[in-house]
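Below are structures written as structure tokens.
Below, subunit A partners subunit B and then partners subunit C, in two separate complexes.
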Partner chain A sequence: MAVIYDFALQGAQMLLVLLLAPLLTGFVRKVKARLLSRKGPPLLQPYRDLLRLMRKDVVLADNASWLFRVIPYLVFAATWVAASLVPTFRSGLMFSWTADLIAIIAVLGSARFFLALAGMDAGTSFGGIGSSREVMISSLAEPAMLMIVFVIALIAGSTQLSTMAAFMNSAEVGLRVSLGLALIALTIVAIAENARIPVDNPATHLELTMVHEAMVLEYSGRHLALIELAAALKLLLYVSLIACLFAPWGIAPAVVAPIPIFIGVAAYIGKLAVLGALLAVFETVIAKMRVFRVPEFLGAALMLALLATLLRFVSGSF
Partner chain B sequence: MMVTVALFGVLTLVALAPIAIAILAVPLSGKPNATGFVYGACLIVTLILFLLALHVLLEHPAASTITLPLGLPWLGAHFRIDPLSAFFLVVVNLGSAAASLYALGYGRHEEAPQRVLPFFPVYLAAMNLVVLADDAFSFLLSWELMSLSSWALVIADHRRAENMRAGYVYLLMASFGTLTLLLSFGLMAGGDGAYAFDAIRASHPALGTAALVVILALIGAGSKAGLVPLHAWLPLAHPAAPSHVSALMSGVMTKVAVYGFIRIAFDLLGPPQWWWSLVVLALGGVTAVMGVLYALMQRDLKRVLAYSTIENIGLIFASLGLALAFKAYGMHVAAALALTAALLHVFNHSLFKSLLFFGAGSVLTSTGTRDMEKLGGLIHRMPQTAFVFLIGCTAIAALPPLNGFVSEWLSFQAILLSPQLPSWGLKLMVPAVGALLALSAALAAACFVRAFGIVFLGRPRSSKAGAALETDTNSLAAMYALAATCLIVGILPGIFIDALAPVTQMLTGARMPVQTGAEWMSIVPIAESRSSYNGLLVFVFMVITGMATAFAIHRFASDKIRRGPAWGCGYPDASPLTQYSASSFAQPIRRVFGSLVFRAREIGTMPPPGSRAPATLTVQLRDLIWDFAYAPVANAVASIAERLNYLQFLTIRSYLTLVFAALVILLTVLATWP
Partner chain C sequence: MTLSHETVNVDGWLEAVDRLANGSLTLLGLWADPPGVKMATLDEAIGDISIITYITRHNQYPTVGVKHPPAIRLERAIRDLHKLDAIGASDTRPWLKHPDGVYEFLAAEGEALHQISVGPVHAGIIEPGHFRFTANGEFLVRLEQRLGYVHKGIEAMMADAPLDKATKLAARTSGDSTVAYGFAFALAAEMALKIAAPPRAIYLRALMAELERLANHFGDIGAICNDASFSLMHAQCGILRELTLRAAEACFGHRLMMDLIVPGGVARDIAGDGATQLRTLLTEVRRVFPHLTALYDNTASLQDRTVTTGIVKPEYARQFGAGGYVGRASGRDFDARRQPGYAPYDRLTFDVPLLTAGDVNARVWIRIREVEQSLGLIEQIIGSLPDGAIETELQAAGAGEGFAMTEAFRGDVLVWLRLDDNGRVARCHLRDASWFQWPLLETAVEGNIVADFPLCNKSFNCSYAGHDA
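Let's turn to the complex of A and B:
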């Protein structure tokens, strides 16, 4: 019985992240539009877009290979699996030990690796420019992310997200310099990883500074739908990660009881709304930066995270 | 017993060399197939040796030794198989067997088989002997045999000037490395000449001597393995050899060098000092990042792979450094974890680097070029090679669910244990090395996106690439076998970690917890609440969700496909020249890291208006290590040689005076010696 219950909860988590991801994207777009005094598309527009794209034919470039057709499924599967492993409304889910935070980051790395390959498959210069810039950005964002993981893992004594969340929710944490630095670094990394302003602009298609959109330019129909959905899931994953590590309040512990789970779901949706709104505000007030300013931006994250790690190594009290 | 069988195997390999020469020299009836005979025999012998070593590693019988009446008269030649040598024999012979299988197909395209066939089995035998040797004399002799036979293979294609230069640099560096190892063993053996490893283990050298030994061993083994700044020969020599030999040099011989270091630092010298690890960690971290940055700047496919070997060696040495640090402070379980990470990466790297070199060799045979700027679109012409090469790229980029990630993950878990180390130097060094390793992992992913994307994706950049043909079945079999092993180690790492337990038990006095009993075959280095990873489930989840999604979408939404020209924001010029090239792909990273590391400069010339001259863009990269470390030494040696050249043209009287003077000086020194 308990196994079935656990299994159902894990399934619920997978479905929840899949269903909420387009909503979060739509919500951020809506808030941004309202901040710019536009009416903005309806909240459910991303779902409609996805359904419409799914039903359309795929137009493949003449020399696209089998890899090009497999990659959308691969990227989507990897991102979905990663997103389902981050605690959202309840910690200690059935398969939460499958991958710790380092492995989750690496699974996302696999998704990016293949997406960058897809950009090069058609042999257009736009795809190449997108892929080469994407790997440049990731070559700084990934080490920064790993350093952030180190900081939190050293504080919590674990790289297991459920254990980390439980620790961050306990009274032992307190205010720490290293955690503050890690939060700033994590925010920068999350913005870069999700191709948000000021690193990249998710709303443009025709501008040379674009990175992610240039990479997926050749995709259409159901392939494009999967890639958009994977992007939405990735945004949700990073927001959930920040929520789970730095605002772990309300996450239900690993017990069998319905009330904490309802509280957990409500708290999770609330956190998504707050963080999504913050992202929209941030994107509205800041300007897009030149692509070669991005390394400085990400280098700052790397340095902050490294500083925080050094502080942890030097003394346990920071 | 075991060691006797192993030596018989090695002897068979050595005997293959004259047989190969005989077959090649004596034209028998019809067309003698020396290639098939030699590689087939090598395949069988190395497979037997592999199984033997595997048996020793898994069943761990007591160490088996033998002393042959060869070598130095008062010493004899000692050989021995213990868990450490058994593990490295597994690595050596698995790589050798794969290379022999590959060469059954690839070797047929060899232009001058007489320059490869006699040396190949000797090279395999020498690598086995280094690992088997149990005294300093046999070790150094085998080491030198390994260097010389591989040198002969490097210059197999001797008509190309760059290969001869590569061979020259390699020979110099190999001699230098052997010299430092010789000094290192000499210091360990002491004044009595106790060269047997047992005698060395029993004697405990003084602190200063031990330190000197470690530094010399690090230089000697490190120059063979490719530690920065001793790596300069590696990217020249590894690509110059035929591809199956490149695979062995990069995938296996560098591991034999790692074995040499482990044997000296962990086994022969006894308890380590903490600061040794500081040196090893720093060198490892720097090597990892420098190696991959160099790799990103290359346009020769095999050279990319050679530089990436340097990166992986850095990773291995960084883990070894951590293991030394933990061992020095008596944290045995942590030392076992770090050592397991290093050894597992040794095994993993031998798998995927051989696989990638085989793939590069197949590309070279069917297109005739290693220049990435002339390749492209090979996924259509060589679909199977592309598939296995992609698996190799994913594995080496440390991406789950393949094997490269597992060893990388274990290294990071070991780093996370290191705040408990008491020394301040290490407290500051370890996080910095952690950051360097993370950076190198991310850059490696970029490097292999570039390698695969430019060579196999897009459109062909030359007519030869457009007319390439799929490679032969033997080569494909070798590549598929290695790719499958990569996947198996990636999804069932617990079995392989457990197999390493006797080695860590022997060297650190502890082992990682038993993994095969863990739930769902996860790996749990310390405790499940602390960290765990399950490659099998990650793989299964990804496959199931991916396939279910594909099925659902095809069934319920749409499964139609239309073909059209590439969109590219307005149907651009279809010429393959409009694609991103290897150097343009590297441009963003060159701009971020290259200006500091390589003094990268882009010089563009724009002709004046009206002129029809083409505009040009030249990229200048400087190899600072070569310019500041190697060039001055080379220049100094050359200028001294120039001056001493004068001595060659003296009269007989001057020579006699010189000889007499030398005699007097020596006698004076002897007389006044305290």
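Let's turn to the complex of A and C:
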């Protein structure tokens, strides 16, 4: 019985992230539109876009290899798995023993590696530009991300997300400078990884300035739908990660009771809304930076995370 | 201004070319009226414009472009459209017409260089044009444009057209500058017919021209910021642009004020409550626009993108005779409203803003300052709008030639026309400011990175339709 219940909860978590991801994207777009005095597309527009793309035929470049056709499924699967592992409404899920932060970074890293390959596969100049920029950004974002993981793991004593969230929710954690620095660094990395302003602009039509969009420019139909869904999942993943590490309130403990789970889901959706709105505001008040400023931006994240680690070593109370 | 027409021999032609090359003359236009080739030049020191005609022999004329590069594309266009060859020209590739066969882009060789080809169809809804970049990673080594995709054959359609049809064609050369084109065409036609528009029409023309300038500058300022992904400015400037267009519709019955300026006057008087509508617009713009200017100036992330990006060197702006914000942001103090000048601007007070930085930021600031000047001009015009007729009767005056320049929002529009004995247009030439701005875009991207090109391009906002005509 308990096994079935656990299984159902894990399944619910996977479905929840899959269903909520386009909504979060739609919500961010809606808030941005309202901030610009526009009405904006309806909240459900991303779902409609996905349905439309699913129904459309796929147009393939003549010289596209099998890799090009396989990669959307691969990227989607990897991102979905990674997003499902982050505790959202309840900790101690069936597969939470696999929810290791380093593992999640590795899964996302492989997804990006393949997407960069796909960008170059058709041999167009834009795909090449996109892939080279994406790899430049990720080569700076990944070390910063790992440093962030080290800081939090040093404080929480584990890289297991459930354990980390439980620790952050306890009274033990207190107010720590190193955690503050890690939060800023994680936010910077999340913005870069999700191709948001000021690193990239998900809404641009200018081929020459694109990073992520240039890489997937050759995709169409269901392939594009999967890639867009994966991008939405990735945004949800990072928002969930920030919520679970720095605002773990309301996450249901590993008990069998409906009320905590209900509270957990409500708290989770509330956190997504707050963080999504913050992202929209941030994206509205800032312009995109020059491509060669991105290393400085991400370098700041790396330095902050490094500083946090050092502080942590200097004194346990930081 | 003084305007002189002259037919010259080879020596006269070559002397003009030498004066262009040494910088004592500025090229305003080079076009064909077979069998002749005509060149309009401006002596900026004294403000004299001269149009010289060289009668070709065996369809050939001595090249201008070899000594004075701004003429190269004009010579290529003359070859495409009129089959007159510039002897000794260094570049004989087609320009406006696209015959079958491979178009040879200029070479840039080096081990690490790669080419990026963009267009003619772009990802956004913009006009078509092809850009061939040679880049070393992110750094641009060379940009070469290929235009002509929207060549509509306006000048060919104008040949032998009655004046009213030609007026409509001129107004459709570049939709965003339809007032400026209509204005210039009307002035040129009036010169050929030896008539003058009544005072009220003259003021109404300027009113339309300033409204068009306002609407386009609002659109441009927003669009430039949007290309740096700062959509807040885009949305707010979009509102101002829309208000301006609505005021134009309320006053003249057409948002873009197309076909309202005709030879002899204007086709429609301002609506009864037009002045009130415009005063409301001015109040609203004066309330909102300073906040937007401050927002532009105080957003560090935006300034970081626009300052020192896409610099046009002042010597290039001078050599190419770049008009509009491209020239004025690079220290070329030229505005067709002041020199050669035309009515009613000689009776209105306005400043011509001038900057020397030549970067994207300077081109934005020129637009901002021009918006302020246009607001003042509109106020002066509605305050001193004379009463009276809005159109004079057109009378056949026999054959004649007319020449006019007006200041569109992006720079000077040149119109030259020749009427035949029946008052029909025998030949008309329309030259957009973009002819001398597009080549500067190629120089402005030097040392910039690929990702900054859209921002440079938007700050130029050259016309494809007006250039390709």
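Throughout what follows, the second predicted complex is superposed on the first by the 315 of 318 C-alpha atoms of A that agree within 3 Å, B and C clash if a C-alpha of one lies under 4 Å from a C-alpha of the other, contacts with A are read in each partner's own complex, and residues count from 1 in each chain.
Following the convention adopted for this analysis, a contact is a pair of C-beta atoms (placed from the backbone, for glycine too) under 8 Å apart; a residue touches a chain by one contact, two chains touch by 3 or more.
Given the structure is predicted, the values throughout are model-derived calculations rather than measurements.
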- [ ] Could you figure out whether subunit B or subunit C reaches more residues of subunit A?
- [x] B
Open item on the list: Just to be sure I read the superposition right, which of the two partners does A:77 touch: subunit B = first, subunit C = second, or both, or neither?
Closed with: first
Open item on the list: Quick one: is A:201 in contact with subunit B, with subunit C, with both, or with neither? Answer first, second, both or neither.
Closed with: second
- [ ] Go through the superposed model and pick first if A:288 touches only subunit B, second if only subunit C, both, or neither.
- [x] second
Open item on the list: Which partner chains sit in contact with A:212 here, subunit B, subunit C, both or neither? Use first/second/both/neither.
Closed with: neither
Open item on the list: Applying the document's definition of touch, where does A:234 land relative to subunit B and subunit C: first, second, both, or neither?
Closed with: neither
- [ ] Using the touch definition from the top, say if A:271 reaches subunit B (first), subunit C (second), both or neither.
- [x] neither
- [ ] Would you check which partner chain A:30 touches, where first means subunit B only, second means subunit C only, and both and neither mean what they say?
- [x] neither
Open item on the list: Looking at A:90, would you say it contacts subunit B, subunit C, both, or neither? Reply first, second, both or neither.
Closed with: neither
Task: Doubly contacted subunit A residues - partners subunit C and subunit B - done: 125-126, 129, 132, 205-206, 291-292
- [ ] Note which residues of subunit A are touching subunit C in the complex, please.
- [x] 32, 35-38, 125-126, 129, 132, 197-198, 201, 203-209, 284-293
TODO: Flag every residue of subunit A that touches subunit B in the complex, lowest number first.
DONE: 54-67, 73-74, 76-78, 80-81, 95, 97-100, 102-103, 106-107, 109-110, 112-113, 116-117, 119-129, 131-133, 135-136, 138-143, 146-147, 150, 153-154, 157-160, 163, 205-206, 217-218, 221-222, 226, 291-292, 295, 302, 306, 309-310, 312-314, 316
Task: Touch list for subunit B against partner subunit A, complex - done: 376-377, 379-380, 383, 386, 390, 394, 397-400, 405, 409, 412-413, 415-416, 418-419, 427-428, 430-432, 434-435, 438-439, 441-443, 445-446, 448-450, 452-454, 457-459, 522, 528-534, 537-538, 541-543, 545-547, 549-550, 553, 557-558, 560-569, 572, 576, 578-580, 584-589, 591-592
Open item on the list: Can you tell me which positions in subunit C touch subunit A when the two form their complex?
Closed with: 114-118, 122-124, 137-138, 225, 227-232, 234-236, 239, 299, 301-302, 304-305, 449-454
